[in-house]
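Following are the structures in question.
Here chain A shows up in two complexes: once beside chain B, once beside chain C.
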Partner chain A sequence: MSAFLSYLVHGIAVGCGFALIASGLIIIYRVTRVVNLAQGMFAVLAGLTASSMLDLGLPHGLAEIAATIASAAAGVILGLVAIGKRGTSPEASLIVTLGVGIFGYALEILIWGDQPRSFAGLSGLLKISDLELPKQYLLIIAVTLLVFGALEVFFERTYLGKTLSACASNPGAARLVGINVTRMGLVGFALGGALGGVAGVVLTPLTPVSYDSDMPLFVNGFAAAILAGLRRPILALAGGIGLGVAEAMVAGYAKPSYQSSLALLLAITILVVQSARRSSLHVAEQ
Partner chain B sequence: MTSVTRERVTFGALVAGSLAAAALLDDSALSLYVLLLLSAIVTVGVSLVMGHAGQVTLGQGAFYACGAYTAGVVATSGLPPLLGLVLAPLAAAALATLIGVPLLLLRGHHLAFATLAMHLIFLSLVGEMTITGGDVGLQGIPRLSLGAVKLDSIRSYAYLSCLALVGIVLVTKNVLASRPGRALRALSSSEVAAASSGVPVGRYKLAVFALSAGYAGLAGGIYAFHMGYLAPGSFPVLLSIEYVVMAAVGGLGTVSGALLGAALVVLLVDALSRIATMSGMPSTAPVVLSYAVYAVLLVSAVLFMPGGLVSLIASLRAKASKARALARSRQRNIAVGHDTSRPETSRHGSPS
Partner chain C sequence: MIDVEDVVVRYGTAIALDRVSLTVAAGEMVALIGANGAGKSTLLNALSRVVPTASGSMRIRGCFAHVPEGRQLFSDLSVDDNLRLGAFRATDRDTSWIYELMPELDGVRKRRADSLSGGQQQMVAIGRGLMARPDVIAIDEMSLGLAPKVVQSLARQLSRLNEERGLGVLLVEQSARLALSLCSKAYVLETGRLVAEGPSRELVNSHFVVSAYLGSPLEETA
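== the complex of A and B ==
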């Protein structure tokens, strides 16, 4: 298999992970206007929990699901701290999520120590004519597509999903029709936690995680979310995959250490270009 | 005493106290003291940017690192170390001006992300370049010398840090009391209103950003000579966050809050790490405790004391002085003999 194709597949798989993190960020941001700086913590928490569950003898599948539920619960706790107090501004909540993320460091070191942990995912290669694809990569892609499909159905077809969309598009109007916006914010945080958790359990077999792996995960997820304009979760899939492939190419053909700087520069450039188009009056209206 | 003279007296007492501490502390306490002073210098800048220019910055550690590396590279390349110390704040301020032009178009969480990203990019660049020693670090930075005087004890760096802190506090106080300072206060509450009153919003924000970066660069320069060794690992992202914690705990936008916050956080973390390194504690205890302290301080400061320690103290003092004034007026009323309208005074204070 040519080097190009292997970079491409690797980029798509890792990009799917970024997309999962980004979609969690977007859902939380849309519903609560809070950018969750602790989004990477969910992935780390789920990866570490899954490795412990597997050590305890839980079968694959069950361990990953338990880890995802644990990170959804962490999402609810984070939400309670960040938006539970009445009158907390989104800017204050941003700093609170940062603080909770650091508290996560303390807990993670206390429970799992400061060394990276991992667990075995699917091993082996899948051969399609002369293409050899690692099965774990295919699993990541399949899980991601499944999750995004489920999200689409959730937001379009279910009552809860539509309620969340209502809060996202106009919190004031949502409150007027009797929706508890704060409670929906907590649902958003739980969903964000679960999505971050899925990213963590599928990515951990590729790269071991330690407590401080959350920063690169957050940064890449946020960059993918920015590429998606912080709007619809499904756009984040395109953003994440685009970013993952670009980084894999940079790492493959240039230098591996440049790849996260590239993601950051890309995200900053897009942000700056976007905000240069808006006038300050426009911003003040928001 | 007028408030201006009272402020001057307090300031003088603080200067004398911090110099006395530099003269009296023993060596092990001194290295903590230097750290405290350097943190205070950076925090005054962070507080200025966050409290007055109304910007969230999570990248101040990058400017600290920029100053440190500037001083380190200049000093190790054979140029006079003093030049390194002079260039450190200038380089950091220049970097801030350069990247501030595009970055300060952003606001709120976008700016927070962008400054965090800037810190990460800076670290990865420093880790790549050969002139900064890459990931291994920059070793053998000579001690600072001012003319014939060579600063080779920790105590001399404590004096130097004291002087630097006094200098930047004076600069900050004067900037805040000037016309641009009032303009800054205006733009922190409403940029649109400030702009329509003729405040050049963009230019002032950039100037404050550069000034605060200069403070961080100066502290970084002193740090480089004090430690004699620099590596990308000395400037983790958490460093930038620590400064925000210090500024938020003390109270954003006030110099005294920045000093108080830096002192409290540094001393608290040190005290806890002493407890954590006592025998019988697990080896991870110091890290766990320091992370937990930063987290709890940051969250509780943001949620429960938005004005920080400074406004907490001010409101307590106001309450106390109100209570004192009330007590005094009651006493006067009693002495004069005419009963007051307040029922509780007449109940147990009437002269009958």
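== the complex of A and C ==
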């Protein structure tokens, strides 16, 4: 397989993980207006939990599902702390998520220690003509597509999905029709936790995780979310894959150490451009 | 249905509502008129528990729906989704009766709410309120920014709901002419205080209401 195709497939697979983290960020942000700085923690928690479950003898599949549920539960707990108190501003909630993320470090070190952990994913290669694709990469892509398909159905076809969209669209009107916006925010945090958890269980076989792996995951997820304009989760799929492929190409053709800076650079550039555009719009309106 | 007694609402040190009392009986259409900033919307927000009251009491018997000022639709959702979300607390989420009541919405049920005309958006807002199957509905500035023909159509629909289903209505309006012609009873609010109240047929002959809110007697322009 040519180097280019190898980088491309690797980039798509890793980018799918970023997209999952980004979609969780977007759902939480849209429903609660809170940028969840602890989004990377969900992936780390799920990766570490899955490795422990597998060590305890749980079969693959069940261990990953249990780890994802644990991440969703962590999402609810984080949501309760961040937005549970009525009248908490999104800015205050953002700081709370940072604090909980740091508290998570302590808990993770206490339970799993400070050494990176991993577990075996799908081994082997799938040969298509002269292409050899690692099966774990294909699994990541398949799981991601399945999850995004389910998200699309959830938001487009279910009443709960529409209720979450209503809270994102107009929280004041949502309250008037009787929707408990805080409770829906907790549903958003649970979904965000689950999506971060899925990212964690599919990425950990590729890259071992430790308590402090959350920040690189968050930065990449945040950059993908910003690329998607923090709007629809489905747009994060394109954002995540685009970012993953770009990073893989930079690592492959330039230096691997540049890879981690790319997401940060991209996020900062987009934020500065958007901010400048908003400022000029504001001046034009005045 | 609605019983408001000596309600006071404060925004910081400013008094938005000063000992306001008002009643809406079952099946009654009541108007609350007043200029901008008189406190009309504040009263509705207090009834919906969006703003807290400093003192006084408010009792609502039966189901209450609030159609807020500016429509406040879920702009990126479809007309049908907006209507179904109005029934969040109800078990019956069938929207077909709203389309029968407002046939203008039937052809746009799949369109995004923010792509509709002002009149259609107001119909969706009222329809969303009705989906809660309320015993009384409060509508804030129904006529604002709408063409007279559209306002007349909405007024007819409200009267029909009142007559056929016994729906109680609390109509908050800057347009005193519309409110007094539609409702049997009215209250006049000025800078947070009730300054007049009574049957509409009496208020339309009141010198104060005619000079401050109608400009000319209602009969002459009807």
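One rule holds for everything that comes next: the second predicted complex is superposed on the first by the 279 of 286 C-alpha atoms of A that agree within 3 Å, B and C clash if a C-alpha of one lies under 4 Å from a C-alpha of the other, contacts with A are read in each partner's own complex, and residues count from 1 in each chain.
Assume a residue touches a chain if its C-beta (ideal position, glycine included) is under 8 Å from a C-beta of that chain, and two chains touch if they have at least 3 such contacts.
These numbers were taken from a predicted model, which means no experiment stands behind them.
Undergrad: Of the two partners chain B and chain C, indicate the one touching more residues belonging to chain A.
TA: B
Undergrad: Thinking of the overlay built on chain A, is A:81 touched by chain B (first), by chain C (second), by both, or by neither?
TA: first
Undergrad: Given the touch rule stated above, what does A:271 touch, chain B (first), chain C (second), both, or neither?
TA: first
Undergrad: Quick check for you: in the superposed arrangement, does A:257 touch first (chain B), second (chain C), both or neither?
TA: first
Undergrad: In the overlaid three-chain picture, which partner chain does A:158 touch, first (chain B) or second (chain C), both, or neither?
TA: After superposition on chain A, A:158 lies in contact with neither partner.
Undergrad: Quick one: classify A:105 as touching chain B (first), chain C (second), both or neither.
TA: first
Undergrad: Residues on chain A in contact with chain B in one complex and with chain C in the other?
TA: Chain A residues touching both partners: none found.
Undergrad: Considering only the defined contacts, which chain A positions touch chain C in the complex?
TA: 159, 162-163, 165-166, 169-170, 172-179
Undergrad: Give the list of chain A residues in touch with chain B in this complex.
TA: Touching chain B: residues 35, 37, 81, 85, 88, 90-92, 94-96, 98-103, 105-106, 109-110, 113-114, 215, 219, 222, 255, 257-258, 260-261, 264-265, 267-268, 271-272, 275-276, 280-281, 283-284 of chain A.
Undergrad: With touch defined as at the start, can you tell me which chain B residues reach chain A in the complex?
TA: Contact set of chain B toward chain A: 56, 58, 102-103, 105-110, 112-114, 116-118, 120-121, 124-125, 127-128, 190-192, 195, 201, 237-238, 241, 244, 248, 284, 287-289, 291-292, 294-296, 298-299, 302-303, 306.
Undergrad: Within the complex, which stretch of chain C touches chain A?
TA: Of all residues in chain C, those touching chain A are 48, 50, 66, 68, 72-77, 81, 84-86, 88-89, 93, 128, 132.
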